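Following are the structures in question.
What follows is subunit A paired twice: with subunit B in the first complex and subunit C in the second.
What follows is the complex of A and B.
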């Protein structure tokens, strides 16, 4: 196990290095420069000179390899430079604000996805080839296919404008405050006993989390259903039923055996979950990592985009690693060893 | 010796006195105005940004020497009582007495001088340091507690134009005692202290900025007790917030949503915008638009009125001259061309090579209409959509046939930065090619217009320049200026939109909620 983790950690460093190269140079190869966007049409008599001076201040006049070396140096110190457009705010501070919001939203969305997908998958598997099964499959297909942007807007129109049950957007009501401990609003509100704020944050999170959750629940339904079907036809299930074990207990055993595959899929879908936040956080004005990334890309705020992409990559790799480890723990047939990854 | 602002300042002062009297008799500020808009200020330091939206937030808390009184663009005194030109390069500024900062300190000339000196200080590394014509400002010195003297390296013209060059309309005044002790990093998040109508309460980045009424505001107590600025970048979400009643006002609003908003109880505030759309033509040798007769035909070829009416739902004005509506130099009623396909067709039908017209995504529909109109003359025009950064880079490089472009004139000026950016030959030396147009004689005329102290002579020179550019050189086909639109709940009263896209005079707004 330790060898496996160390080996994967080494792989992670190589992948992260590759990502730094790609994101750094892709941003520079993209047409248009950040200073041009910052200054725009400009209200300076000699705009060219103003831009040149500002490029110097930002270090954009340096050769690319110098800029890249500086970027790597910053990463090695756990920094990501300062924003070009936010008055020199350190990127690490911006990420520190955004990341807890995204994690909390993602966890909530994951719970919603599981709450939706597990019952549907069980129903589909137990009642295979019935209308229930076909309904579950149709749900999975719709969940995978719906554009999240459109779904988000529709949820807003139905449940915030026409039937004002939930707030349209934002993190919580503007008159409320939460003392910062972790930066994750619900967690902090609960830790400080601020129940009004916790309730407000929860209400604000429902629509984005449903939008994000239904997107991945379709995938979960498909995987869990096929795993359950595989288990359902195994001899030990027949043996359980022959011994007169109650159906809920049988289902519990089926779930226990189908879980390892599902856990891996959940781990692998963390990437999709995080990429889903890019659109959804923008639609719901929810200032997490996806929101930050879109703002950074639009402004060609190189340090912000670089920092967010590297961190999101690290998170996805970490989630995949955790999924592998979890798989090994849940399924005794899986042996984790260095150099070969996971295998039966 | 020329003086600006004595009369206007008198009016402002009288209005202030009346407001103060009225304020003392009226009810306390009440209600919360929640504004849903697209941005987050990014910083609380008014000298470390280039964004209009950051300036709007700052201006709500810190007044400037001059401002552009809504809905127009022309500079009007605010903290300045008067500006007097002592000689070609010296200007004396008197500020109002008795103006208080949020912490109770009185505004003095020291605060004003410190503000500009901090801006110019290379250690500040302000991206605003050279705005207007500040690169040519020599110095500012304090004469007495309420008087300052500016000296410039070159003549800045009469006070009415000099105040823009010296950036009086663009720079909010800082509280010296606070800012002289702050590091740049501290200043980024330090609670702003100004002499504006609203006091800082909190800033939650990317979520909201909250302010409350400053009851000792020198122009009178604001009517609204609190303002909450909520950052909502996605327009459809902003509109939903307004329809759900969770915000009182939204901005910006594009024509795509105007019909939806008109259907309800929502009020719309529409003012002429300051962002003119034009078709830039590559006038350099080798381009089909090098021939002035082709450019003249292009100016007859496009039906601007139809674009404004049918694409922008009437929310804009058609442009027929290079100076936009409300911009200095704009000649009322001047329309040297008309939409006349019969004049355009014989010339444009001779252009057989494929023409690419670059456009940013948000203007695609209008650009497609223009391309289609040009195709009716037999031209082979394709509208190609590119992102803003690509568009800007292409614009700078002059690497295009046609560019469906825009020019902002929020300062209201035509000479100075606007002319310099679009037409002045010196821009070519900085690789800002654009249309490739250059005429040294016109540059000389503009310089004269900027530097003469005779306002009538300056206006006559500027009119010559506008006419020459519009109907002799014709590097552009001026198209239209979309309006700036705010949408608000019926209970919001007293808001006047600004053509400069600003939220001046928020202290006059009231809400009943």
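What follows is the complex of A and C.
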């Protein structure tokens, strides 16, 4: 187990190194330059000396390999530099504000996805090839196929324009304040007993979480359904019935057997969940990591984009590792070992 | 294996093994009475009007090639056929009709009154639950027991099945046990709620030859000690010769011949029984086996002729005019118009 974690940690470092290379150079070959955007210039405008001073201050006058070495050195010390735009605010502080928001939104979305997909998958698998199954499959297909930005805008139309039930942007109503403990709004509001703010945050999260949740629940339905079907046709299911075990308990056995695979898939889908937040946070103006990333890209704010991408990558890898460990705990046949990753 | 009454019984198959003897308690009301049982899967007729009965303490062998209707008959008894199957006829457990009984009644009968030992021990246990949990679960469906009492009873039963370290075995997961141990756990799961009838469906086919006999002896020993009746389904005539009191030979979904084990082996009347015996190696024979020409029949629609007609050496025109009615002669009942000569 410890071997396994160490082995995976080594792999993680390699992946993170690759990510730093890609994000660093992609940002630099992108058209548009940060200094020009700060001054709001047109391409033909000559800023002369002030441009040179600014580039020098941001370190952009140095050769690319020097810039990259500096960036890598900072990252490896756990430093993420300062924003080009917001008066040189440290990236780590911006992330510190945005990350808890994204985590809370993702957890909410994950819960919604599970609440939708688990019952549908069970119904589909138990009533295979019936109208229920086809309905479940259709739902999964729609969930996977609908572009989330479109779905988000539709939800805004229905629930904000036609029937104004839910707010469509921001984290909470403007007049409210939450004392900061963890930075995650609902958690903090609950911890401080600020129920009004908690309710407001929850209401603001509903539409983005539904958008995010339905997108991934389509995949969950497919995965859970197929692993349930696989279990359903195994001999031990009939053996349980032959011992007089009741049908609900037989279904519990099926779920227990399908769970390890599903947990791994959910872990692997955390990446999709986080990339989903990039679009959805922008649609709903929700100031999480995705929102921060898009703003950073628009302003060519290199340190912010680099920091956010490296952190998101680390989170996805951590989620995958967690899923593998969970798999090992849920399925007694799986032994976690170094070397070949998660082997049976 | 020693017979219960200490006597040794000669072996009709000529294989030199001892086995439990016939005990007089067989007389009396049958434990299970199957009459005119038919099972159809769509157009395929798996079982056509099969009748037999098994008494307390009796070992009733059911032999036949794959597809002869052995498992379909057994599963029809406990009402565990797929929903597409159509069952006709009657199965009475101690006089109570089970065909058409409510699902709740059938569930209660399974495990508590009729135990079913599955063919493949390697797949008849839930891979993600411990042996102990699976055994206690059976006890719990058939009357609540505390976890401690349940585990104690399970340990006692495992000890009775000659498992060396019952307590450790209870804590083990199926994949941690050897094939023979797993099969004993499967047997324990079928026996733990003290059923009076045990259906053993090819219980040892998945095991190594070396442990087959041992496991079978253990199963029959425990059943004999409890005075339970056993329906032993097998394709192995040698097993039947050594263990069964009476035998039904199935072919094409009908009982071709039913007789006590000595009559069947010494004086087979149905040509199929005779052919089966000739195709089986016996001690002392110099390896002259006669294979039965052709291959096993699959019956579509209603059976309108003797199913063995196409492979039978004694076939005549009247064999194809209809299914021969059961003919009783001494202790033997056979369905044949041109039986083998009575050598008794």
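FYI, the second predicted complex is superposed on the first by the 339 of 344 C-alpha atoms of A that agree within 3 Å, B and C clash if a C-alpha of one lies under 4 Å from a C-alpha of the other, contacts with A are read in each partner's own complex, and residues count from 1 in each chain.
Criterion: contacts are C-beta pairs under 8 Å (C-beta built on N, C-alpha and C of every residue); 3 or more make two chains touch, one makes a residue touch a chain.
Treat the numbers as computed from the prediction; the structure is a model and nothing was measured.
Look at subunit A after the overlay: subunit B and subunit C fit there side by side. Of the two partner chains placed by the overlay, only subunit C lies in contact with A:243; subunit B stays clear of it.
In the overlay built on the shared chain, the residue A:284 is in contact with subunit B alone; subunit C does not reach it. Of the two partner chains placed by superposition, A:176 touches none, neither subunit B nor subunit C.
In the superposition on chain A, contact of A:253 is made with subunit C only, not with subunit B. Touch criterion met: A:39 reaches subunit B, while subunit C stays clear of it.
With subunit A as the corner point and C-alpha centres for all three chains, the angle toward subunit B and subunit C works out to 160 degrees, nearest 10. Legend: residue contacts after superposition of the two complexes on their common chain; A:234 is shown touching subunit C, with no touch to subunit B.
Subunit A has more of its residues touched by B than by the other of subunit B and subunit C. Of the two partner chains placed by superposition, only subunit B is touched by A:157; subunit C is not. Following the chain A superposition, subunit B and subunit C show a smallest Cα-Cα distance of 48 angstrom.
In the superposition on chain A, no subunit A position is in contact with subunit B in one complex as well as with subunit C in the other.
Residue ranges of subunit A in contact with subunit B, taken from their complex: 30-33, 36-50, 52-54, 57, 83, 85-89, 94, 97-98, 153, 156-157, 160-161, 164, 167-171, 174, 177, 282-285, 287, 291-292, 294-295, 300.
Only residues 78, 80, 107-112, 115-116, 118-120, 123-129, 137-138, 141-142, 173, 175, 186, 189-190, 193 of subunit C touch subunit A when the two sit together in their complex. Residues of subunit A touching subunit C in their complex: 234-236, 238-246, 249, 253, 256-257, 260, 330-333.
Note for the complex: subunit B touches subunit A at residues 34, 42-43, 45, 48-51, 125, 127, 129-133, 135-136, 165, 170, 184-185, 188, 202, 205-208, 210, 228, 230-234, 236-237, 240-241, 243-246, 386-394, 396, 406-408, 410-411, 416-418, 420-421, 426-427, 429-432.
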